[in-house]
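Structures given as structure tokens follow.
Same chain, two partners: subunit A is paired with subunit B first, then with subunit C.
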Partner chain A sequence: MKMKAYMAFAKKSFLQKSAYRMEHWMGILNTLIRLVIYVEIYRALYGAREAVDGITMSMVTTNFILSLGMESFFVVDDFYLSYRIGNGSIASEMLLPVSFHGRMLADNLGTAAFKLIFHFIPAMLVAVLFIGISAPAGAASMGLFVLSVLFGYGVLWSISFMFQMFSFWLINVWAIMTIKNVFINVLSGAMIPLWFMPESMKNVIKFTPFESIYFTPVQIYLGKITGAEIAGGFIKQIIWIVCLLGIGMILWHKGQKKLVVQGG
Partner chain B sequence: MIICKDVNKFILKGIELHVPKGVTLGVIGASGAGKTTFLKLISGLLSPGRGSIYTFRKDPVGKRREILKDIAVLFADIPVFNDELSVRDSLNEMKTIYGIEKERFTERTEYVADILGFKDILDTRVRALSLGQKRRAELGMCFIRDAGLYIFDEPCIGLDQNAKAAFYTLVKEKKQEGATILISSHDMEDISEVAERVLLLDDGEAVFYGSKDELVKKLIPMEECSIKLDGAIPDISDLEVEKLIIDNDMMKIYYNSNHVSSKEVIERICAGTMVKSLNFRRSGLGESIKISHFGRV
Partner chain C sequence: MSFIEVKEVSKTFKVNKRSAGIPGMIANMFVPKFENKKAVDGISFDIESGEMVGFIGPNGAGKSTTIKMLSGILCPDSGSISVNSYVPYRQRKEYVAGIGVVFGQKSQLQWDLPVIDSFELLKAIYRIPEEMYKKNLKRYTDMLDMGGFINQPVRQLSLGQRMRSDIVASLLHSPKIVFFDEPTIGVDVIGKETIRSFIRELNEKDKITMIFTTHDMQDIEQTCKRILIIDKGSLLYDGSLQEIRNKYGTTRQLIAEFNEDTEVTPIENVMIGDPKDRKRSFTFDNSVVDVNALMHEILGKYSIRDITVTEPEIETIIRKIYNKEVFA
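Entry: the complex of A and B
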């Protein structure tokens, strides 16, 4: 029954999303505009050069197309919990015989599925036709890329999940969410390909979950990492998901305890 | 069904009671007496500061997930609906969450929406509803489900007389099916029709817990005598009255007829002044409680 309930939540958010057509078209336009801006900036920086430190312009373009493409359907609602704590409906949620996190994930996945079909695919078609993208390193790379994308979404969702738990103690989580999103944008490779980061910075990023979101899948697609490095990438993604969800769950139980002891 | 052992939380002090299965309990008290806190403790939304609570013989906080499927709850201060969804969408969501069979769900929705009068707003977005409409739909959401325990916190707020009557009908039906029902209100009249047991809270203390009949015996007979005077206000200071209200030429006397007889009252009034009219009536349960426990009407 429970799985059926979560499927129904996902379906509902999928259908709800389809009601906002204008928002949907503007979203596609936003992805394409950002893509063109990023690509043009790097084209200007590259000038007549074929490659910089072994990174070709085509690889940079592919990085942006894939990263922004993933970003277009990697849906997380950073304010899902804080909204419910703010209006008191968290109590209603606590009175339902379904998992709050499961419901949150199902809602997000429903929207993500909608965006994958109606945002990612059209935006990718336009990007591939008019900007161009490198082919995947091979069929296996493509399969591993898809798997890595799923884990990448898992990492992004887990980061948001953990940060959302601060809603139990903060009146407004907007500030910490903004900081979190700046880190994700800069350190995930979606804005600046991580190949161009200085070595010292790369060594720091290695120990954060951010590169696991977009950059690991892009590296696999392009064949920049192989064999043991791919396995290492997956292990890192899984470890981050487990750690972030674990911390998030500890905070969730502490937050829930606060609610039942203090009454809100 | 529900056991409270020396429960303390916020304003509540030393609540000790046992509500058997199938009982309809009215929780009454003035605003701030601890009614909502009591109901939140039962439903597992709050944990007791001291003492222990068992709902369905389980700790309602620790085993919340296990008991929730069998509890239908409506609190006055907790939003139930998503404002962006229609009432029907919210009901459908509930159907999925609780795994209600389609035929049963359709039949119950038809019946409950009809009796509570929200059939015509089923497809309206919740944010467009008035307080009364929303409340009727929220009550409907509880009654569509089959639960073993129903908890209603101030359910009559925003309801007109027809909706109140419909609510009482639905409560009686659920009671006949064997459900245990807890209803809180600041007004005894709201729940006297359906509650067979009463928990009277005053400043967090259970000043009475027992059957309604027992409460009636304890409080009643509280009589009310309304007199329209045609002369000076008579001196009745030596009569044992519970409450005296004088408004121009109108005089209202509340007295316990176990202590003072109506004959004594008439004789004393008529001996002291001229009277245009006299009217006697037995006070309602709500008025009696207010006079006896809170010293006001």
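Entry: the complex of A and C
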């Protein structure tokens, strides 16, 4: 079975992650601090009001808990390729009889599994107990939510994948990644719930992959979208994954020909 | 069709060229200048299955680039490569499953993990059957005497131990071809000897095709029958080591130590050196001058205390080829 090789990579990165305990505890703390800050800002803005534009405070809180929860285990390594090109270890990677992308995904998923168990779950427990979260709109919503979380991760991973391919030409992709991450932070709803975006902004965001990452799953969880809209959300997620991976693969094939192995 | 076929392969790298200092840096920020550096320039050769071939050439000659193209890492700009009927850079995944590569300057082992864990990971990656894995592991670790450090993390190993581990790692999946890129670099004399005899045995017993780059001529002398000399991206020589010796290693030097200061009369076709501590050197070409007759003449004419004849080191010959003093 071919999967065995990738499982071995995932297991290795899962185990490696457990070596850095302090970083891990700090990570959980980081998630909780951000959560409290975001929630408190909106609590202050809401004041005594029940709802703003039909959005209740508890929906806002739920948006933040879910988005930051997802973010805590949505592992992408923006510098996976550029690091390996930079120090020349790409040569050893290319000698392994596995696909480079598959290996990168397996590494990320191994870490993601670790984060899901040891970061997401504890952080969620604390958040649910001390801040409180709205219940999902129904059992079906919950199921569809989980499915769209998976696709949401797919979109986030594919964006990073595509941008990483510029490493072949630039070697150092720090600047591009920073710009990319600013867009994700602002336009995905993890920092500002997209309900509060001005109408003109919403129309622009509709045509970007960013809302597919965190916001679509949250909408499904809360029952804000139903039926055809849910189907539309899934289709959008899938289209983005296919497009981004497709562009990434084209760049990969072009880049491979340009590859320069540094050192030696 | 040969096992490995390389036809007119070239590879050019674009190198950013900037003048020194801060003005040069600023100029480069706005108008970067690039220079095309031909790392490999139209190389062709064939290698048969089971051969052991040494690649030699000065630093920057294009050896490593050629190895990297042969192993599917780099894509040639022009020309074609076929190994075991695969096109390495096009069928990379399938192709690399059947080859082994050792980069002396870059370990492929997991830095933080014990050696054996890296091996286990490779077993999963290459999907090596359990029996084959056990058999290969036992055989190679015994041959290279690795029992003492196989459970130590790679970062704690000496260079020689790490190199041996890397070599075993490249062989666990029983590859048909192994590329060694400077496998003895920085290894001590005993370590080098172990590695050489190991490589020789694998080639002889298992008929593994091997390609070998090194700067150490002893490596080549003791392992390879055939050598390829590369410089500035082109092939200078392709043939056996013995042939090189026969062709260019015909110079001999006879050194005679006299019992007393003596004037020497010139001898035809022999270059006589200046005296030094009553010693003189007689340099000649042994295809022109008969060494027996020369010795006879010297011993008959003069009172001699000691006499030695030396043959040039292979390194000297190779240096001459690099310097274009002789043409291969």
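One rule holds for everything that comes next: the second predicted complex is superposed on the first by the 258 of 264 C-alpha atoms of A that agree within 3 Å, B and C clash if a C-alpha of one lies under 4 Å from a C-alpha of the other, contacts with A are read in each partner's own complex, and residues count from 1 in each chain.
Keep this in mind: contacts are C-beta pairs under 8 Å (C-beta built on N, C-alpha and C of every residue); 3 or more make two chains touch, one makes a residue touch a chain.
Since the model is a prediction, treat every value here as computed from it, not as a measurement.
Consider subunit A as the common anchor and indicate whether subunit B and subunit C clash or fit when overlaid.
clash
Name the contact category of A:L96: first (subunit B only), second (subunit C only), both, or neither.
It touches subunit B and subunit C both.
By the touch definition at the top of the document, which applies to A:K4: first (subunit B), second (subunit C), both, or neither?
Touch status of A:K4: both partners.
Have a look and say if subunit B or subunit C is in touch with more residues of subunit A.
The partner that reaches more residues of subunit A in the superposed model: C.
Classify the contacts of A:K12 with the two partner chains as first (subunit B alone), second (subunit C alone), both, or neither.
A:K12: touches subunit B and subunit C.
Of the partners subunit B and subunit C, which touch A:V261 in the superposed model: first, second, both, neither?
It touches subunit B and subunit C both.
Looking at A:N185, would you say it contacts subunit B, subunit C, both, or neither? Reply first, second, both or neither.
Neither subunit B nor subunit C is touched by A:N185.
Using the superposition on chain A as set up above, list the residues of subunit A that contact both subunit B and subunit C.
1, 4-5, 8-9, 12, 16, 88-89, 91-92, 94-98, 259-261, 263
Tell me, which parts of subunit B touch subunit A in their complex?
Within the complex, subunit B contacts subunit A at residues 10, 37, 40, 43-47, 61, 64-65, 68-69, 71, 73, 75, 77-80, 82, 84, 89, 93, 96-99.
In the complex of these two chains, what residues of subunit A are touching subunit B?
Its residues touching subunit B are 1, 4-5, 8-9, 12, 16, 87-89, 91-92, 94-98, 259-261, 263.
Quick check on the complex: what are the subunit C residues that touch subunit A?
The touching residues are 13, 64, 68, 71-75, 89, 92-94, 96-97, 99, 101, 103, 105-106, 108, 110, 112, 121, 124-127, 181.
Which stretch or stretches of subunit A touch subunit C in the complex?
1-2, 4-5, 7-9, 12, 16, 19, 88-92, 94-99, 256-257, 259-261, 263-264
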